[in-house]
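In the two complexes below, chain A is the common chain; its partner is chain B in one and chain C in the other.
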Partner chain A sequence: MWPFIARSLEISTILLLAAIGELLDERSGVLNVGIEGIMLLGAAAGFIVGDAVGGFVGLLVGAAVGGLIGFLHGVFSISLKVDQVVSGMGIWLFAMGFVTYWADRYSGPLDTKIPKIYDLSPMFPIALLTVFLIWFVLAKTHIGLKIRAVGENPFAAEVSGVDFIKIRYLCVVVGGALGGLAGASLIISYLGAWSHLPTKGLGWVALALVMFSLWRPLILLGGSLLFGFLWQLAISPETIYAGIPAPLPVLRMIPFIMTILFLVVISTETFRKKWALAKPESLGIPFFKE
Partner chain B sequence: MARLEGLSFKKERIIVLTGGRAVKISALSVAFSFLVFSLFLYLEGANPVEAYLNIFSFALAPELGLPATLHRGLFMLFSALAFIVVYRAGIWNVGMEGQFYLGTIGAFAVAFAFPNLPSPVLIPMMLASAALFGAGYGAITGFLKGKLDVNEVVVALMLNNIAFWLVYLLTVGGPWAGSIASSSRPLPEPARAPRIWETPFTSLLAAALAVILYIFLKYTPLGYQIKVYGGNPNVARHVGISSLKVSVLVMALGGAISGLAGYHMWAGDAAFYLIPRPEAYKAVGDMTYWGIIIGLICLLNPLASIPTSIFIGAITVGSTVLVRRFRLPFGLDILFLGIITISFVAFQFFYNYRIKMRRG
Partner chain C sequence: MLNSPQADTRPGEVVLEARGITKRYPNNVVALDKVDFQLRAGEVHAILGENGAGKTTLMNILFGVIQPDEGEIYLYGRKTRFKSPIDAINMGVGMVHQTRKLVQAHTVLENIILGHPKAGRLLNLRKVREEVEEMCRRYGFRIDLDARVWQLSAGEQEMVEILRALYRGAKILILDEPTSVLTPPEVEVLLNSIRHMAKNNIALIPFITHKLPEVFEVSDKVTVLRRGKVVKTINIREASMKSLAEYMVGREVLFNLTNPKVNLGREILKVENLSALNDKGVVALRNVSFSVKEGEILGIVGVSGNGQEELAEVLAGLRKPASGRVIFDGQDITRKSVLERLKMGIGYIPPDRLGEGAIGNFSLVDNILLNLYYDKEFRKSIFLNYPKIREYTKRLVSEFEVITPSVDTKAAHLSGGNLQKIILARVIPKTTKLLIANLPTSGLDVASAESVRNRILSCKEKGMAVILISEDLDEALQLSDRIAPIYEGRIVAILDADNVKKEEIGAMMAGVSQ
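Here is the complex of A and B:
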């Protein structure tokens, strides 16, 4: 039972890191639908560097690459005023192409592994700490207030002396780095091997998690734990109960079906009002400073 | 304002983007990606000019790559059209992969159920079933979007993953499992696509669909409603255009077009005539995403997508030469498509601004 829980907590870790990064992005008003792509690039960089140098360096490089791609999304969507969804999609499609070319030739197991404590990845406490830190920054600090102000109304924030461009860049870079770290820990800590496009939709689940967290880090934590469990259950149900009658493909569909169901539930009338209130007002809208 | 060697550059905001400028930007972004890709070819140790000549001479030679170029290219045209019709209404269709899988299931279900029917009866039935399955699957996303405003991108991506496992369920050890490991039984003889000019007739069907879609979007009242809705959903609602109707309609249309690709892909290529093992059908499913970039580069014009799809098809088919003759790594073709995408995104800057250069 414990190995199963440790594995599912590891999936939760990956979802949590990617999603908290996206949450930070969105709180500052930048939607990044390219997390799946950022995770892929972070995973590839983490894999290649991790294989050559070592697991922890791989994680750091994965995060750095993620930050770089986050910065690129910032250049496109903040400075060049490209539609945020178009930019995010572009990053995702580019990542699919680049990663296939770059990492597929090294497909296979990773030589180094990072040490685990009782089967549990050290990334799990790190992710918990990150969520707490981001919650603290957003809710309790001055810079958090600025971030939220920029996300609600960049024009008003600008008038009251907040450099919204700087704030948004900060958020997309940190958010991207967390996405890259999520991808790198998927490869280095969870999978331990590279195969063609290994993220398998985790980035999109993370994006959905942000949506139904109502942009609150603590709800996000709960959602990540639940979906980590579901994802792992779909992969190795036999560790919980050997006699599950459903065939493997049906189990594999469960996390995706649950994601749709969750999205539908939070879109119903009752939740919609709360949702509309919680949503950063300027999310997805490019802002022209004249 | 930046200065360089006595020249000064200034960016100027553009308020109204003209059609001509948009076309120029698309063309320039593709030209630019050729330059960037040359750099990768050079780093891999190949002469870029020689490599491009090889790619296109192979891909467009009738006795070598042309049949495959048309087949793959027009496969992506189905996806591009499915993206275009939906995005005209301002809604993202990234569900072409799932709709294509469902179309595959629809087509094969009919073929396996009635293997003895003659071609003229069986093939239209397969096409209708493929379109219907794809439309139904697309309509789920459209319904949730129109009724509850659920994010269509995430829902479609989830449905794509679900559809992948649905095909898996049927083929790998399932009711359609064939004698070759992990792939389906072969299609019965009458189900295979007849060929016109060395290409399956469905290639021509894709081109015809592009023309029909162009006329539909431009000249019919329904096409106009879609355009109004895409321009501003709130205005559309005020003049009595229903969100639910438009989003279900466009997603079902897109799904139907994507679904047809499920027949075109497997029944149109003698290398298949079956659903291959999961990695192989997934690789084909991944190709549907390039429909997004074809649609965007063509500025949502169905007619322009015909040559663009064939061009992208030529890159995918021609790049096999790089692996065989130049001993370059696999995946360069997908890299090229990725570069086209990101360069197109970067060039979107010129939608909003122009750079003025002055001496002095």
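Here is the complex of A and C:
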């Protein structure tokens, strides 16, 4: 039982890191749909460096690569005012091609691994801490208020003396770094070996979780734990219930069936209203000065 | 950080002085031409001008948004340059924007303290709350600091903008069209707080285009701009409404509209229990009933968004009612199309001139044609009779005194006033029985607005029934025979415009009394 729970917490860790970064991005008004791509690049960099130098360095380099790509997204969508979805999609497409070319020649398990505590990756408590830290920053600090204000109405922030460009860059870089870290920890502390495009859509799930969480870190935490459990259940149901009566293909469908159910729930009238209220008002809109 | 040379300002001391400010734009337009301006502590010094007179440019220069090409600004006697709005704020100049720059989803307090160093790294809301409350007491503001901004009325949001500027230590406050979207009771509150601020030695510069009467209530001095030049700086005691309007326009303006009594004829329009939804599918108009007779103007007055827009669209046939009936000249027209209504003699003046009123990229001839194409007189079998339409347009242009290079000019190149004249010229001659005028003077300068009002009165004299929808209570009272304040989709009352108190209607518009 515990190994199963530990594995699903590790999947939750990856979702959590990626999603909390994306949440920070979006609270400042920048949508980054390229989160899957950032995770892929972080995973590849983490894998190659981790293999050559060591697990912890691999994680750091993964995060650094993620931050760099986040910065690139900032240059496109903040400074050059490119449509944020286009820029994000570009990052994803670039990452898929580049990572295939760059990392697919490596194979086999990683030699260096992160030591586990009670069979659980230390990345889990780190992810938890990050979520609480970001919640605290957004809710209790002045810079958090600035971030939220920039996401709602950059014009209002500007006349209050807030340098919204700096705030948005800060958020995309930190958000990207968390995405890269998510990818690196997927490889280094969960999979332990490279496979073709290893993220398998986890980035997209993270993106959906942010929307579903109404941009609140604590709801996001709950959602990530639930989806981590479902994801692991689809991969190794036998560890939780040997001789489970349902055939494997059906179990494999569970996360996706749940996604459809979620979509049904969030398209109801009540949820849509809440959603519209919670959504950062200028999310996805590049800032144009009058 | 905040400088505080202003802390020891004495009343009457010159705090801000602009000398010879000139600004040219790339297309060789001189927006400001050697403008001089002097502001004293505790003074309310209004700047008046029509659209395009250079008010916005001057405001942007005083707030550091743009830089002047020539001229100097002196703050407390020292030569200064405002490199950016932040710079201006730090030197004690505040600005209250016409389009509100507030975070709608945040609380009032959060909006006031946002970005201010005093709030600290970790938000110490208790300490700043006390300061803001103390400030509210001093200047006589009453506002719930924990309310979210989207829950507030336009007037309250303006208070938040003022408080935000004051909290940043503003001693000079620029107000951009401060009363333009407020209800009459809110205007009273605002004027009161302006008096309070002036008493506390804060200098205020309201920029005003349309609402002249309010200038008189609080200002000490007025500077009138016209075509980028200062026409006159005058003490308010020596000025009159008429003289100010003439300085603005540059020629005589007739303010003595006479509202003749016309003998009422048949009942032209009768509306029974009309309800309608707005674009979001929410009920916007609830059970409205009224009637209008020939030779009568019914004024429907309310703050924007209270259902008057939907009412006008239902009457013009642009929006399907949810329930109720519209009876025109004894005939049920509830289900009739826009075209059928046009042919029956119903004219509609839409509120948004370039959106619904005219097509900007069409010439005047084509815009006039939009209301004529169905008319056999302007057709030759299946073809349009262009020579005749041009002829007709030329006649209208001279009759309605439209200033335009030619009838082939694009509508978008006309000024607001001239464009509105074209729209009136298109609608009025073809309208025989009922004219629906939705915000006919909004955004127009003083002179154009007067001429539009005159046209509407002459429609009534010709015996048409007129429904005037307005957000300007003074205008509605001036033109209407009967007046109907509308609030949250309901007509609160229908009153005789001759013996009604302005305050009473103002309260009804704000939903205060029944």
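Observations on the structure shown:
The definition used in the following text is that the second predicted complex is superposed on the first by the 289 of 290 C-alpha atoms of A that agree within 3 Å, B and C clash if a C-alpha of one lies under 4 Å from a C-alpha of the other, contacts with A are read in each partner's own complex, and residues count from 1 in each chain.
The definition used in the following text is that contacts are C-beta pairs under 8 Å (C-beta built on N, C-alpha and C of every residue); 3 or more make two chains touch, one makes a residue touch a chain.
Keep in mind that this is a model prediction, so the values were computed, not measured.
Touch criterion met: A:Ala149 reaches chain C, while chain B stays clear of it. Contact with chain C, but none with chain B, is seen for A:Val159 once the two complexes are overlaid on the shared chain. When both complexes are overlaid on chain A, the residue A:Leu277 reaches chain C alone and has no touch with chain B.
Of the two partner chains placed by the overlay, only chain B lies in contact with A:Pro249; chain C stays clear of it. Legend: residue contacts after superposition of the two complexes on their common chain; A:Thr141 is shown touching chain C, with no touch to chain B. Counted by residues of chain A touched, the larger count belongs to B, out of chain B and chain C.
Chain A contributes residues 140-146, 148-149, 152-153, 155-162, 277, 281 to its touches with chain C in the complex.
The residues of chain B lying in touch with chain A in their complex are 13, 40, 92, 94, 144, 148-151, 153-155, 157-162, 165-166, 168-169, 172, 279, 286, 289-290, 292-293, 296, 329-332, 334-339, 341-342, 344-346, 348-349, 351-353. For chain A in complex with chain B, the residues that touch the partner chain are 33, 76, 80-83, 85-87, 89-91, 93-98, 100-102, 104-105, 196-197, 200-201, 204-205, 207-208, 211, 247, 249-250, 252-253, 256-257, 259-260, 263-264, 267-268, 272, 288, 290. The touching residues of chain C, when paired with chain A in their complex, are 85-86, 89-90, 95, 97, 101-106, 110-111, 113-116, 119-123, 164, 168.
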